[in-house]
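Heads up, the thing below is written out as structure tokens.
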Amino acid sequence: MRKMRSLIYMVFVLIASLPLWIQGGNILAAEYWLVADTTTKTMPDGQVITMWGFGLDKDNDLATGGPGTADGYTISVPGPVLRVDPGDNTLTIHFKNNLPDPVSLDILGQALAVNTGPVWTNFPEDTTVWTGARPAGNYNARVRSFAHEASPAGGEATYIWGTVGKPFKVGSHILQSGTNPAKQVQMGLYLPVVKDEGTNMAYPVNLSVPGDLGVPYDRELIVVFSEIDPEIHAAVGAGTYGAVPNATIKSSIYRIPRYSMINGLVWPEAGLDPVNMAVQLYKGERLLVRFFNPGLETHVPNMAGMYMSLWAQGANRFIYPKSQYGFELTAGDTVDAILTPPDAGRTPAYDSKLDLTNAGQASAGGMLSFLYVGAKITGEIERYYQSVLERASEAGGVDFWQGQMWMSSALCIDPKEGYIGLGMAFFNSAEYISKNTLDDQYIIDLYETFLNRTPSQPEVDYWIGVLGSGLTRNSLLLSFAYSEEFRTYMEANLGPISTRAECNLVNDFYRGLLARFSDEGGFRYWRSRMRAAQCTGADEVRAVSREIAQLFAGSPEYGARLRTNTQFVEDLYNAIMRRGPDSGGFVFWLNLLDLGLVTRTQLLDYFIDSPEFQLRVQDVIGAGCLP
Amino acid sequence: MKKILWRIMVTLPILWLSLGVITANADTVVVQCPGDTNGDGVSEDPNIVCMHISGGDGFSRMGDGKDLYGFSFGLVPAGTAPGAVLANMGLKARFPAPTIVLKEGQEFYLTMTNVGMVMRPDLFDPHSVHWHGFPQAAPIFDGLPEPSPTANMGASYTYYYYAAVPGTYFWHCHVEAAEHMQMGMIGNAYILPAQNELPNGTDLNGFNHQTGYKYVYNDGDGSTKYDVEYLLQFTGFDSLFHEAHIAVQPLPFAAMHDNYPMINGRGYPDTINPDPILNQEGFGAQHMSALISAETGQKILLRVSNVSTTHIYSFTTTLGVPLNVIGRGAALLRGPTGKDTSMQLSVLTVGGGQMFDVILDTTGVPAGTYFLYARDMGNLSNGDEERGGIMTEIVLTNP
Amino acid sequence: MKHRLRILQAVLIFGVMLFLGSVVISHAMIDGCQSTSFNLVAKQGHILTSDGDSMLMWGYALESGCPGESPVKHPAGVMLYPGPTMILNEGDTVTVTLKNELPQQAGNVSIVFPGHKVTASGGVPGLLTREAPPDGATTATYVFTATEPGTYLYRSGTRPDLQVEMGLVGAIIVRPSLGPLYAYNHLDTEFGHEYLYIITEMDPSIHRQVEMGQWAFIDTTSYFATNWFVNGRNFPDLMADPFVPWLLTQPYNCQPRMHVGDKTLIRLVGAGRDLHPMHLHGNDFETIAADGRMLSSGGGAGPDLAWKATTIRTIPGQTADVMWSWTGEGIGWDIYGHSGGEVHPAGAPGEGIVICNSYVPGNPTTYFDPYNNEYCPDHGVPFPVILPPRDAVTYGAFYSGSPFLGGQGELPPGHAGLNAAGGFFYMWHSHTEKELTSNDIWPGGLVTFMIVEPAGVDIP
């Protein structure tokens, strides 16, 4: 959860352990409170898997609360990403073990600063414990833990890596259980630990190579590969794994993973499309992908065949990068690669070793994900501020809107929609309305905002005429947003855009009826309904299209907007027709509604049944079934 | 340039092109060791190294106490009379096979006598020696049964190697290799570089060579210097295959899957045992410990190879220092123009047939016990037994 | 009773007599289809495995053969395993169309081209790319430009855990603008011969389930390969000629050959799901490229980060290029069995000139004979040991009866005599030695032999 910096605490610990370190001066340290506990994972096929995982204690005291409580922790597999800041010399983890086995912590490639283990026991009894060194002449004892243990069921221990003299190593690391790791790591006791050389600098400059620039990056993505053998997990959960009298599975020598996960997820679980939902990535940027394999098998990450520069392995920087579109990612290894996507779009990222099924099912599963690369027009949001609100953006404003646009396009919605949504929000904002703009200025604002040009007088005159014929300002806005000129302008700046029809159709209801960006959960639901329908047949697509339209129009959220008849007709053109209305049609329908000749429900049905909307539905049908 | 006079004496006029073979000696157990003037199996020429091994069968004890039947090579004591070899060397197969150590520039005469398989009298398999990775090899000494002769039961075959290229190799029988290697006919081999023998005080591009310094390669700069060296040969046994073998059953090639992963022929904790592991015959076939010990601050050289017939293995250590891989496939990791292509890793993957030279610099690592283990952790097993397999201990002591 | 294939198929036919061939320098080049337009059809078909089985496969067929190929080698409309090797020139824009004649239950099929930027159109949408549905008519089209030279692969991007296993794989070779005898656009990548190694595996139980229509039983997480292929054939079938009629669906062979001192490029393609440590007997190689990119520090340096080894792991979905040569340097005896003073034979380069007559001890530039690349310091050095009597040893089928290059010796009765020219045979194979079997039968699987031929033996 939250990272604490505690200079005083560190000094205390260091005094207690190795007082000489104090002379090192400034001590910067990363400090975490970590808990291990059991959890379960329900697979898409319904199988429930017992997992062991890590979670951060929410109030850093390890004292109270259970899983999921406000004062507790949330167990996940992989565990949370622990970050060690560039200046930090040490990483301290206060650890509590709520598992039935003793647990110790181990970071591959880095030794503990203070290790009061290792721990050996007699085998198979596991009853006599030797600590620190193997008993002289005893060649039968087997190591249980690489370091001091936290006792089962609530035991605590502290682990510190790095010293002032030998700081925590820069790079991508795997923290795992150091106790019977074949069992415990397999069960899920692993998490990524990351330390940068500097801000947005993954590794240092190599001074011996002329022109070396280090490994700078713009964005960072963490990708963790691991697997599950459900039979072993079940045996561990039942206490019948390993050197125990009633064992059903005694060792992992015949392990057969049935589920292969990226970031603890198997396709098609949410979170893999895109895998970088939380990482805004635009074409041409340097994406640092940190690949972790805490699993027990080799995997071969492949980023849709795009070449990456491999810069480091196991947190060791290469002298020269390797240009490859995939690579062998061995169990226990990490690889840091820079990917500079040349194009925007959604590209698959998967395991070339083809672990692409969930427990052998015919449908796609396993280690499959998608990387979404966005396109943006630098300065465009700021230009909207200037063009509509005639002011500079407020602090955080551009980032907020950029984030909204990112999420929208990452969910597969047409990237133009982000700018349309931004324009709608600005032109309908209290701030803009309070300007009491005259019609000709409004039209000029539309031209300048959406088309980035000043209109000619005849153009202004034309639109003033349209307004005079009874159309609303928002109707005009829609005409601009769905004009050929806007499309051309955007594609000239964003690059060619192809969007699956169902994505836009679903989003149309958020924009047209709720006047907002799609939220991820809701959008994913309707998208999956629509995609299921596309695989079922044309009638089902028509039915779902009707259902979503009726549900949105009848939703409390829409009701709460208290739309007038004028606005209602405007919204129907927006949501159902995805265009600005023609004045003849607009006035005709509005009159019918105002005269009480049709109800809103009936009007909605007319729109749904219109050949124009059904043509759009036909596009959705034509987009076809996406497996 | 080497020019060995003895050859003129022992090599008859070239017959190969005409007759093909030299008239058979009645006794087919023949040790060829040029320069051995007193018949003790040791050449009096310091540049000639001779070794006599037997190819046969025996047993090895797994980490869970189970004895498995296998094939391998025994070390025939120098000076053993030819007539005594077959009688003495039954069931004396070592696992791994005897280690070959040469100095660069030496000539090596390796005589392998096929003593037959005591426990499988129904078999008449030839055996061979394949020096794996030997550069510029010729088929006649490559041990491959297809393009060369291989020794039948009761016969000897002398292989000749001029140790031209230093580095870490290994060797194995190449006759029906899937079977014979699975059964255990594998061993270590390495060649020490001429750089070790330089005069005291030689300057190596700024590095001052001292007598007694040891290097992995002729690096020219001291970058491959080490203090202590250990062999780590990864392999595995598939117990079902071995059990089928001694039971004279059809061999399950398709089902082959090593379930006893090992280092130097042992599963943990036998890996740390300094003594030979005695098999059911009371013979210490498993003669090689895998315990690694050094003083803090020393550079530990690991000569790593994998001879498993089914598995690729990946290992790591808990030392907290990188695995500095300076050699691969008996070659210094340097590009054709001298660029440093060494690898610093936290996990090293070793496929069957791969060899790596890894230096662990323990500078700054506190004294204590550390672990080297298979990070593909299904291999931390002795068959059905957990907490075993490919793991050993690294004991660092203060000087 | 051991279960082994004891008799090698006599598939080697070398109709060339010693020293009678012409002295024209020839270059073995990889068989494939050179075109910029490939009309592929995913089809079912059967292949022969060296354990004597016939296995159902899915493969990419050339709908109407290889465009413009003369004489015609690639059969039209026949399932191929692997799919046609696409030979391209740097800068080519390539159009690949795909139709799907697989059974309905196989579902859609597609092609991904890792390392290439592909524009896919037509067909129906799929997860990784556009797909061809199993209607035998709908066409998916893939267009890409071969911007960089090198070795690449293509394979199915639809349910690939099953479809790649079933055989929907192939290789791509992009020749550099520098010329066809270079691997990349750098002089250091020049080669004399090139050979392709597309490595694949097979779990026969999956193929049987497909053949018997047991679709519900297929579980690729239980996948356990027991048969292995180079260019779609097992040992020893891979030693037979390419395009032989009895291996119609397996057109490509793998029979590397060269002369002493030649440089041979090996293009390795990990087309399946497993890693294979490929080991080259005879000498070490240099790995010069991975995934179609030279191992280079950049700036036109060429493959200056190449690494030497004798074993390289092939990685699923990845490629590597290694360069190999052999001279016998430092072997310690004369590989021809000469005693010194011999002349280069009639008809051979340097005819009549004394072998190694320009050798000056201490001057490394003179160490190799300019005509036959013999390592001169060992010229005339006698053979170091006495070989055992013939009845004390077993002669392999590729043993000429002599330890010398180009040598011949008396062979025992019944010996196959497969090395009449006295070549040096080096096994190039997977060192996961289990993979030297074909579905429980030894020998088979991932075994090939490089033959270093004596001078005068033509290499086509």
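For clarity, chains are labelled A, B and C in written order, and residue numbers in each chain start from 1.
The rule is simple: a residue touches a chain if its C-beta (ideal position, glycine included) is under 8 Å from a C-beta of that chain, and two chains touch if they have at least 3 such contacts.
Bear in mind that the values here come from a model prediction, so they are computed numbers and not experimental data.
Closest to the protein's overall CA centre, chain by chain, comes C. For the pairs A-C and A-B, the count of C-beta pairs in contact is higher at A-B. Here the spacing of chain B and chain C, counted between their Cα centres, is 30 Å.
Chain A and chain C have centres, each the mean of its CA atoms, that are 43 Å apart. Centre-to-centre spacing of chain A and chain B amounts to 50 Å, using the average Cα coordinate of each chain. Each of the following residues of chain B touches two or more other chains: 312, 339, 349. Residues of chain C in contact with at least two other chains: 275, 295, 297, 305, 313.
Residue numbers of chain A whose C-beta contacts span two or more other chains: 298, 320, 328. Those residues of chain C that touch chain B in the shared complex are 1-4, 188, 226, 275-277, 279, 281-284, 286, 295, 297, 301, 303-311, 313, 326-333, 335, 337, 339, 361, 377, 381-399, 401-404, 407-411, 419, 424-427, 430-437, 439-443, 449.
Touching chain B in their complex are the following residues of chain A: 106, 108-112, 115, 118, 123-124, 132-134, 139-144, 146, 166, 178, 180-183, 185-186, 242-243, 250-255, 296-298, 313-316, 319-320, 328, 330-334. Of all residues in chain C, those touching chain A in their complex are 107-108, 112-118, 124-128, 158-162, 164, 215, 218-222, 273-275, 290-291, 293, 295-298, 305, 313, 315-318.
Those residues of chain B that touch chain C in the shared complex are 1-4, 7-8, 10-12, 14, 16-17, 19-25, 28, 30, 32, 34, 107, 109, 123, 126, 132-133, 135-140, 142, 144-152, 154-162, 164-165, 174, 176-179, 181-182, 248, 250-256, 306, 308-312, 328-331, 333, 335-337, 339, 341, 349, 351-355.
Chain A contributes residues 256-258, 298, 300, 302, 304-305, 307, 320, 322-328, 342-343, 348, 350, 352-357, 359-360, 362, 364, 366, 368, 500, 623-627 to its touches with chain C in the complex.
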